[in-house]
Amino acid sequence: MDILQLIQSNLLTPIVLFFLFGIIAARIKSDLKIPQAISEFLPIYLLAAIGLHGGIQMRTTGFENMLVPMLVAIGLSLLFTLNHYQILRKLGKFNIFDSYALASTYGAVGAVTFSVGLSFLKNQGVTSEGYLAAVLAVLEPVAFILAIFLTNMAVSKQINAKKQSFTNDSKSDIDVGLNETKIKLSKILRESVTGKAIVILLGSIVIGYIIGKEGFGPIKIVFDDLFTGAIVIFMIEMGIIAGQRLDDLKKVGIFLISFSIIMPTFNGIIGVVVATLIGLSMGGSVMFGLLLASASFIAAPAVLRNAIPQANPSLYITSALGITFPYNIIVLLPIMFAVSSLLHDPEGSIDLFHYSLKDLI
Amino acid sequence: MDILQLIQSNLLTPIVLFFLFGIIAARIKSDLKIPQAISEFLPIYLLAAIGLHGGIQMRTTGFENMLVPMLVAIGLSLLFTLNHYQILRKLGKFNIFDSYALASTYGAVGAVTFSVGLSFLKNQGVTSEGYLAAVLAVLEPVAFILAIFLTNMAVSKQINAKKQSFTNDSKSDIDVGLNETKIKLSKILRESVTGKAIVILLGSIVIGYIIGKEGFGPIKIVFDDLFTGAIVIFMIEMGIIAGQRLDDLKKVGIFLISFSIIMPTFNGIIGVVVATLIGLSMGGSVMFGLLLASASFIAAPAVLRNAIPQANPSLYITSALGITFPYNIIVLLPIMFAVSSLLHDPEGSIDLFHYSLKDLI
Amino acid sequence: MDILQLIQSNLLTPIVLFFLFGIIAARIKSDLKIPQAISEFLPIYLLAAIGLHGGIQMRTTGFENMLVPMLVAIGLSLLFTLNHYQILRKLGKFNIFDSYALASTYGAVGAVTFSVGLSFLKNQGVTSEGYLAAVLAVLEPVAFILAIFLTNMAVSKQINAKKQSFTNDSKSDIDVGLNETKIKLSKILRESVTGKAIVILLGSIVIGYIIGKEGFGPIKIVFDDLFTGAIVIFMIEMGIIAGQRLDDLKKVGIFLISFSIIMPTFNGIIGVVVATLIGLSMGGSVMFGLLLASASFIAAPAVLRNAIPQANPSLYITSALGITFPYNIIVLLPIMFAVSSLLHDPEGSIDLFHYSLKDLI
Amino acid sequence: MKLYPVKLLTITCEILAQKNIIEILTKHEITGYTTYEVNGNGARGLRSQGLTNEKNVKIEIILREEKLQDIVEEVSRTLFANFAIVLYVSDIGVLRTEKF
Amino acid sequence: MKLYPVKLLTITCEILAQKNIIEILTKHEITGYTTYEVNGNGARGLRSQGLTNEKNVKIEIILREEKLQDIVEEVSRTLFANFAIVLYVSDIGVLRTEKF
Amino acid sequence: MKLYPVKLLTITCEILAQKNIIEILTKHEITGYTTYEVNGNGARGLRSQGLTNEKNVKIEIILREEKLQDIVEEVSRTLFANFAIVLYVSDIGVLRTEKF
């Protein structure tokens, strides 16, 4: 199977089809919607299922091999966030606030994207390292914290600059930034760590680890067998919301649209390559790449709206949910799968260049 | 098994029993109710399941044989709507608005009734043509459109008549009716076609058709195995609502009560016979009959309340939900099943006249 | 396995772990919560499942052997309620209203506790008498009715006492109490019996009895296989609510905290012993004990808030939900299981005193 | 379109007191009201978490001044002591006084 | 902070009439409003049970006195006869009149 | 039953600003308020679809005139620029002024 075929076959899975269906339903202004209580419950359920699954697997594989991937993921996430900022500010000419908000939205991770990735792998009969669920939990707040810290530092730099024209006695920008940020950051950190996504995910990992495979038995049907069906239902609502956002694409502009496609591809491929280098399995490398490629669209607004209220939320919500999410689950996921296959088994069945080879022979 | 036995055994299925239970719960004024989010979600789920199922089956059987049943169903639905109007207006002495509203409520179809029918057949181990899900989708707006058109025409006829006493220069009623209706109709048509029921049903049919049996695998447990259990839960709420409506039966009057039982029986039996004639299977003929017998009680109020606001909603909601729905799923469904068995296998096991034959021998 | 081991292994089941997780989530002030529609629906679902299960089993075992356990349960419940009152009023120095409210909260039963108990037994591969679901339904209003009657009698006694200082002609306290209570009681009785918990439970028992094992087939996956998973989800919310209540423990005081642990233990163990004496199975005796040990925290506030509005609701809700419920499902359930094992098979594998025996040998 | 002055009585209380209030309204022959669930904070603590029974409800009643006094008096007398409850009155204008 | 006097128009009606009301508002170039679902009791009976379509909605519109008359007139003329509906007006103060 | 005049401050804003408003109230030693989720339309577009975070909330605070000014000032200064928000004040009468 070459990449195109893989994309095409991925396009025809219920998850992607129901997402596209949701978009269409929104475009034709149908009154279809999944009741709020259901669409609020589904992410909690999905994260609990992911966490339990991860915890159970971690019990068999142990944490010890988790440390390196975790640190690498954090490092990459921070690096990428800074990189995004430079691109957005310098090339995209966005203001500081929008630049940091967008940079961290794309530096953070998307739990729903992660669910879809797991389901995709399951369909392909490929497994991945369970501890990646823990990486997902840890990675979520990291990018936001960096962005909020840098935003506050930048703001105090400006204030300081003004002050300095009057007096020469001033603390370094970093000191002031640190100070002003501390209160805000500790609040944001608290809120991030106690945010429902992280709490349910970490809690379920621990519980999964404790109960193991036998303990999971009686609840397997709910937290495993129903998983894909539940994602399908959630995808309808995600599609509807993405569809309602499509009108906002004009406001987003061509630069940000390109950014929302190129950046995840770049981050994701690097993620797959790095993951392969540090020894993750074929499926694990795909999930690792997906973590880095994904943008946050559920947690981001909740965090950024209060932390950087000056930023325009429709920029980061629309690009993350309206462009990057569909692109990731429809196009990039199969691409990363192909790349990972290639890297893990260069002689293997996936032949990225089979047309050229064919042409040559 | 004769009809009475069939009715009796149908009476003792969880679906019917939980419906009756809901009625009792409402009558004794219990505070039992299914939370709104759940009872709004269930019809969406049921229609998605019906659609997927239908789409998957259409893939194997193809559409080509769908055209005739579809056109016949539309034709019968229009004919029946006109027939209902005559009966209600002439015999029942209802005003124009109530007559058209009721006529179309009974000309339209009930998706919930359809779900119960599918579950009934499943229980009996009988299959039906998958494309009937598509007929369900197409049939829904037809009767409403006719009724709304005719109502508007009648209204403009009256207005015209008044005008004519002053002037002789006037367009034909149909012209005026057409004109005044156009705006309203196009709006109603839009709303019908983008209404959530039709959208989710058609969408799921298409998706089912695309993914086929293998694609359905991972979501089968949610969209197939849970189906009957989900109907049972929905039936509790339907029973409660029907029970709350029972007090309104007095307002409905004896004529409309009879109409709500006789008309579906008539329409349903004709449906079964015609379906058999145009070659549908035994189970398919039952479902075809049920389509024509069923009255709309979820879509109807939403459409008619704005399209014919002069009509009294408690008439059409109460009769459709309080009388026809229980009658259909408890009594008429087994009757149509017996009739269809007889028609499809005259020598078969169902013997409508076994008592008389017994008596004769 | 000795008791401690049993408690420990019970502590590590998903049900208990997710409950503890919910408590922690609430304590760290996470914004995690199960949407209200879901947490309102789950008890209805759980009771329907319990009822169906009970009804199906009663069909095979018959009611005839149900009468004695039922009457014994009612008798014990009334006795216990009076006993609670004496302890609370005399030893605890609570006022009349709080005493009666608390006495009946602990005299009544907890349906959620019952669900957890059933799940616990299932996990241990032990069955219990199906008719205990019916005992659950009947037992619920009994303690409340007694408490409300006695409260009203006490109030009229006081009023009468005041009046008597003016006049000598007065009816007996009981007469006045009866009279004033009658209206209130008949209202409360009506509300109890038509309360959603009892209605869905009794309805499902009857339906289960009618449909039997084969009728249950198509809905088994929803009402049986999903049961434990559904409890787990509900336990998250119960844990969150219990966690939010922990702050109120100070208001509750050390006396009531002790009461909330000692009383259920006493009632529960007596329940197990009596159940064994009247011939219940090993599992049935555990469930019987659990009925008597459990306190009501869903029905109680709804009933008592209107029946004894003078009582402080935070006393009875906090102690029942915050202390007794966790204690019952974590500690007391395994203890009663051990006791019942011992009583039903004194030579059996559970050895309450194995350490002492070991020491002796 | 002339607007006639009437009163709007708004009662915010714990959900379990709703029944009692509706009873009082019925007793005073008032059948029109609007209700919806709300969260709240007040003297009796945060009422927006936990079980449904611990939520609040808001009840709004449009009525003529004549009936206002009696109802306010009965609500405050019978319910203020034992329930979480807050009540206020505002002046509004309506089109059809005959409805109230 | 000066508060400028404007009007608050509150319409409680059956949910299926919401669309018609929003249309009237749009026609009069009013784009600001707040809505929420409520239960109710009135001349057309209890509206809090059964199917969603049988619920009520409350629509609140802050507007200047100039626009009030026309809107109230159109709502009452086109919707009062056929829908469960109640409407009232109150006086409120806002900070930024230019918003309304 | 005498009714004492106090103020009702109503704030309709995006749900993510609720926390900030409650903080301002707490700072001014106001602990009584009522909140509920609503849908809305305004300068920042339709706020009734999509993710929960994009919904609105209405916050109602009964308070004495003395406190009104400061709170209105702080809310408008800190939140008007960056959040979807609307605020208005009305006159109401209550029974127990000591509660507010």
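Going in written order, the chains are labelled A, B, C, D, E and F, and every chain counts its residues from 1.
To be clear about the criterion, a contact is a pair of C-beta atoms (placed from the backbone, for glycine too) under 8 Å apart; a residue touches a chain by one contact, two chains touch by 3 or more.
This is a predicted model, so every value here is computed, not measured.
Enquirer: By that same contact rule, can you tell me which chains touch subunit C and subunit D alike?
Expert: Touching subunit C as well as subunit D, we find no chain at all.
Enquirer: Any chains in contact with both subunit B and subunit C?
Expert: A
Enquirer: To reach subunit E from subunit C by way of touching chains, what is the minimum number of steps?
Expert: So the least number of steps between the two chains is 2.
Enquirer: Hey, what angle do you get rotating subunit A onto subunit B on C-alpha, to the nearest 5 degrees?
Expert: 120
Enquirer: Would you identify the chain whose Cα-based centre sits farthest away from the centre of subunit D?
Expert: Most remote chain from subunit D, centroid-wise, comes out as A.
Enquirer: Please tell me the distance, in whole Å, between the geometric centres of subunit D and subunit E computed from their C-alpha atoms.
Expert: 20
Enquirer: Distance from the CA centroid of subunit A to that of subunit D, rounded to the nearest Å?
Expert: The computed centroid separation for subunit A versus subunit D comes out at 47 Å.
Enquirer: Where the centres are mean C-alpha positions, what is the separation of subunit A from subunit E, in Å?
Expert: 42
Enquirer: In subunit C, which residues are in touch with two or more of the other chains?
Expert: 33, 35-38, 40, 221 - these are the residues of subunit C that touch more than one other chain.
Enquirer: Please list all residues of subunit F that touch 2 or more other chains.
Expert: Correct list: 36, 90-91.
Enquirer: Each pair of chains that touch: what are they?
Expert: A-B, A-C, A-F, B-C, B-E, C-D, D-E, D-F, E-F
Enquirer: In their complex, what parts of subunit A are in touch with subunit F?
Expert: The contact residues of subunit A facing subunit F are 33, 36, 40, 240-241, 244-245, 298, 301-302, 305-306, 309-310, 317.
Enquirer: For a test of understanding, state which residues of subunit B touch subunit A in their complex under the given definition.
Expert: 35-38, 40-41, 44-45, 194-196, 199-200, 203, 206-207, 210-211, 215-216, 218-219, 221-223
Enquirer: Under the touch definition given earlier, write down the residues of subunit A that touch subunit B in their complex.
Expert: 12-14, 17-18, 21, 24-25, 28-38, 119, 122-123, 221, 225-226, 228-230, 232-233
Enquirer: Quick one: in the complex, what on subunit F touches subunit D?
Expert: For subunit F paired with subunit D, touching residues are 1, 3, 6, 8, 31-36, 62, 90-96, 99.
Enquirer: For a test of understanding, state which residues of subunit F touch subunit E in their complex under the given definition.
Expert: 10, 12, 36-43, 48, 56, 58, 69, 72-73, 76, 80, 86-91
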